[in-house]
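Below: a set of structures, written as structure tokens.
Each of the next two complexes has chain A plus one other chain: chain B in the first, chain C in the second.
For the complex of A and B:
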């Protein structure tokens, strides 16, 4: 199999200053300015969040959606180390890198949304933290996971710095961090769904269910695979490399399997609770429910057959559909189908949007720098031209 | 062969871990909590309220809150809703010609908006750092800004929309009614009840207030009865007045396991802004899920143990690259 050819990771090389990194740098500078204004003048100076919608996109998009889109690393580890599918190994490092940035920036993003951020350490301090709080579980778990991911990724830096002894020692205990790196995201991705439960009837019944942890966990996993489809195609096109179709094809099949189970669970839940009727009313809530689920169903049409899964364009589109579905599920629960009573509305302000854009720019910039300078992507002889 | 066997082990181990942990969820079911026996609260009777807003002004003063303006001249404190700086407000229901007080059609009614001091508060369950807490004796839901991280989960969680944040400040706090617990040591009680001229807002133990509320709704509308003012069981400030056309519903008796602030109205509660809530508190449901999954960290450790075991067997894929031949990579 061509795996042998791809197996060893190597730096892509090339110039760090180009159009992409320059644009990212500008967007990051804009974000930094807006964050400074927010820190000196309060949330109202830059955002549209209000007492009806106290969580805007800085929470729902940057953290809840950002972390779900960063599930690629954990999804690949699950396949390679738990289900022993070694052939996917070349995808592990790039996926882990995406996760590392996604989560680290989600963690950074939440701090400037916190109204009293200087007390942040209370979340980890006995005497302050509240074990009944879903937020406590999510915050503690995400923080631990970020640390675990940096340890998981550290061999890349150790290789680069030539610290082979340290790397070997670390590798002997790496299985512990790999296991933690699978259990921790399972825990907090499930809990991100549980966060809706305490909000009660404010959340539309189509999204308010005790099954929430399962729904969020399953979609986080499918999102992980969807992001890898998307990322592999984008990285291949940006760096003019081959697309790893022989790997993506079977992985996409795993994703379809989990998604089939998810769709079954989702519709069984709304039917069993007797709220499916809400999906057949003539309003935007019903519309967004169907768009969300159509996104999860679309990949069955796009890449249902083995032949279709060999088509990179179809794999790419299926990846996007899954990502959109997962994004909408979270937007719907926390914002679109969240109704806190008459008189309240929310749409993000321009500065608010620019900060979210800046976060994603920082992820792209980090990804470019690390893949160009450190051994992450599988070595490919053809790309030496860069 | 080896690969397949390890794969099956992975499936079995994770399956076993998940099923062990899901056997014992019932033990973690957390029932909705009820009011503490000596819990303190308010009884708001919309039929007695004349909309003078003395309680709004007294609340501002007692909590040292600044005025908020909604008119151009900025002459008076005119908040349109509770906020990080307004913890108590009288709102008005209006319909048609607004001829008759406490009539749903062509009438009007008042409704007090302030913290309900739930028996099983969502804000307390949601708060990650115990900045929201419920006093075990008085049942007052208090806020500690020194503990608060400003995540605003309480703002999002509350079904009454009560905790509010000060968005205009770089050091904003959450603002909400704490039943004037800071005034008890000086012999005072809730400022809103202290100043209410008609006894529409009455302070006392919720158990006593509930008895008083049930006495009122059992009376014939139009008959005359005695209404206490200020503090129930305190100095006698009572007066006689005709009985209103009460709905047979004491709001807060059972909602979300009961609240310590109770309300009476002649106009449908949903129409005057009080949501329809089940007797089961959302906090109970959320904590049942949370403790079923994470109680004693049993399930996380079981899954972690299984994952560690399987990962240790399979991790050899990682180790020897880049020096060694990648032939070990399964194919």
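For the complex of A and C:
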């Protein structure tokens, strides 16, 4: 890849039992209990989903948003391996780790949202394939991508276990997995947008557009960079480490470029379809539309200049804004501005919320354990030498 | 082609003849032929062939024997609402011997049977109504001094086709129910060879007529299942075509006669309907020519499984049927559809707490990042003001 010298990754070390991991553990235990209840007593025992809103937050947040937030790994791979920007290499492993957990848990979340979950294997069984289904494309891509990502990330474990020969052998074929690791998420992130298209006129016209696959893909990429900004800042302050500002600064610029294109596409689409008027009505749909797009526009104000991008507080806020924008885009399309007809309503139940919180807790716990025990984050002393 | 043209020539002489002979308008006659063709599931064009066969008036000789029975099968054929049905039966076939219908009596009647058998040797159709008692050498049923066993064997020997009509002749029926003191048996059991059976108590007259007309038209009996029942009539369970089936699938049952469900026309399965284990076409063609839904289940009584050996007259009427194909689910989907609940206090509070915690955490982190950045910038400015120091590597 790049001949440039980077900081070698190393385990952070330290105690695994602390306030954060304890709280995460408790939340995961609560989630596990609720999931057991759901698996044995049915969806109605724990969730508020109904025939009008068959997808609640377990799908929209855990899968759609969870997988979009997990695009960090794919975005870094895109930057480092496709655009050959080797200097970003230290960011790849931590980003990949976040993606790994995001996707694996998104995949798991689908299983317990299935009404007849014991039939989940049907989608992997060739006799049951429905190759014309968007859902099939998403399921197949996400599953393959989860496997590919574990392979991409496996050097971390191989290094830790001292299996250097295996690692060398794996390195020879790694380019295949890296390529797949970029193609697969592009495919299914776009398909997640197609899911909205096939929902038809239940989706508000502000979000119902044939351009949705492109919109989902572009926001998934910007979200990936936003998450890296967020995660780098949180990891640095949690572990009291130096923030990789020299890397984040130019990366944030790339993100702004893509986001500019996205905002252009979004408003061009809304305008040309002649539904922009809906955004100027006095209702909650218009409000949430503007909040969503304000979140995407905010980073231009926060980190528009190179000088501003040197301030980690601004990078952090910009990361949050981008994430919120992406989250709202998906929530708006599938839940907030989704209208099945008169009489139908949906608001997540407490158990539903606790499961979603538990999923994120599992991601945090996994991140803490792996970064403390396995070589993921750049070695601190090497970083100081920069 | 010539033959087809002849068939579709509605002005043909034979058609006008049949009009006179059967005393029914051409339109009704052709409608009747079509009904029979449809009952048998025959392809388009068969109705024309049937019409031709009936017009030809080479009426086959029919010998009709009665044994242990109630004559309900004959009655059902004759007492049908359809005004010209009995005419058709009597005109389409040449009923040379029928103990209930023939005018002759005593030795005269028996002589008529023997004459018909001799004149139409190998060409007549034998119809048997009623079970045959075989216990004690068959002494429990005798006609003209001959036992039923002898009679059926004698008549069957030279018959072109044998049809057992009704459940008694088909599989023993009601007389064969335990303890079966007379040893009532079916025609097939007595003859030791399969015959065409039209079970039912009584059977639908159209199933019998269709079978006879099939023989008349194509010179062979229709395709039958392993019990000798014509497939066109007995290949489906009553349950499969029942008009109350949707209620079964939705779990809506009448629990007793006259209750709300019964009055609403719900499924009679829990009242002991044997539709799920009985093969017959009752729900599709109805019964007694009295219009739609005129059959036992249509009238609100559970099917008693009269066509089916081991079900009809054997199982108690209100015993729940054994499901032969689909088993009823243990749970049914709820009929009232939930449309979703709004936010509960707990979930709204949890969401608010979560958002608050996230916002607070983010604000604190931003402040700290900002402070450390300010400190670093100050440090950098101080460093920059010392000109002798080298820049970083």
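What to note about this one:
Here is the rule we use: the second predicted complex is superposed on the first by the 375 of 386 C-alpha atoms of A that agree within 3 Å, B and C clash if a C-alpha of one lies under 4 Å from a C-alpha of the other, contacts with A are read in each partner's own complex, and residues count from 1 in each chain.
Note that in this section contacts are C-beta pairs under 8 Å (C-beta built on N, C-alpha and C of every residue); 3 or more make two chains touch, one makes a residue touch a chain.
This structure is a prediction, so every number in the text was calculated from the model and none was measured.
After superposition onto chain A, the partners chain B and chain C occupy overlapping space and clash. Residue contacts after overlaying the shared chain place A:320 against chain C, while chain B stays out of touching range. Residue contacts after overlaying the shared chain place A:52 against chain B and chain C alike.
In the superposition on chain A, contact is made by A:86 with chain B only, not with chain C. Residue contacts after overlaying the shared chain place A:237 against chain C, while chain B stays out of touching range.
When the two complexes are overlaid on their common chain A, residue A:187 makes contact with chain B while staying clear of chain C. In the superposition on chain A, contact of A:343 is made with both chain B and chain C.
The wider contact with chain A, measured as residues touched, comes from B rather than the other of chain B and chain C. Of the two partner chains, chain C is the only one touched by A:312; chain B is not. Legend: residue contacts after superposition of the two complexes on their common chain; A:357 is shown touching chain C, with no touch to chain B. After superposition on chain A, the chain B segment that clashes with chain C is 61-69; the remaining candidates among 7-15, 43-51 or 61-69 show no clashing C-alpha atoms.
Residues common to the contacts of chain A with chain B and with chain C across the two structures: 44, 49-52, 343.
Interface residues of chain B, counted against chain A in their complex, comprise 3, 6-7, 10-11, 14, 81, 83-84, 122, 125-130, 145-153, 155-157, 159, 161, 164-174, 273, 275-277, 282-283, 285-287, 289-291, 293-294, 300, 303-304, 307-308, 310-315, 317-319, 321-322, 326-331. If you check the complex, the residues on chain A that touch chain B are 1, 3-4, 7-9, 39-45, 47, 49-52, 54-55, 80-87, 89, 114-117, 119-120, 122-123, 128-130, 132-137, 139, 159, 171, 174-176, 178-180, 182-183, 186-187, 190-191, 194-195, 197-202, 210, 212-213, 340-341, 343, 375.
On chain A, the positions that touch chain C within their shared complex are 44, 48-53, 233-234, 237, 243, 310-313, 316-317, 320, 343-350, 352-354, 357, 385-386. Residues of chain C that touch chain A in their complex: 337-344, 346-348, 350-351, 354, 362, 365-370, 372-373, 392-393.
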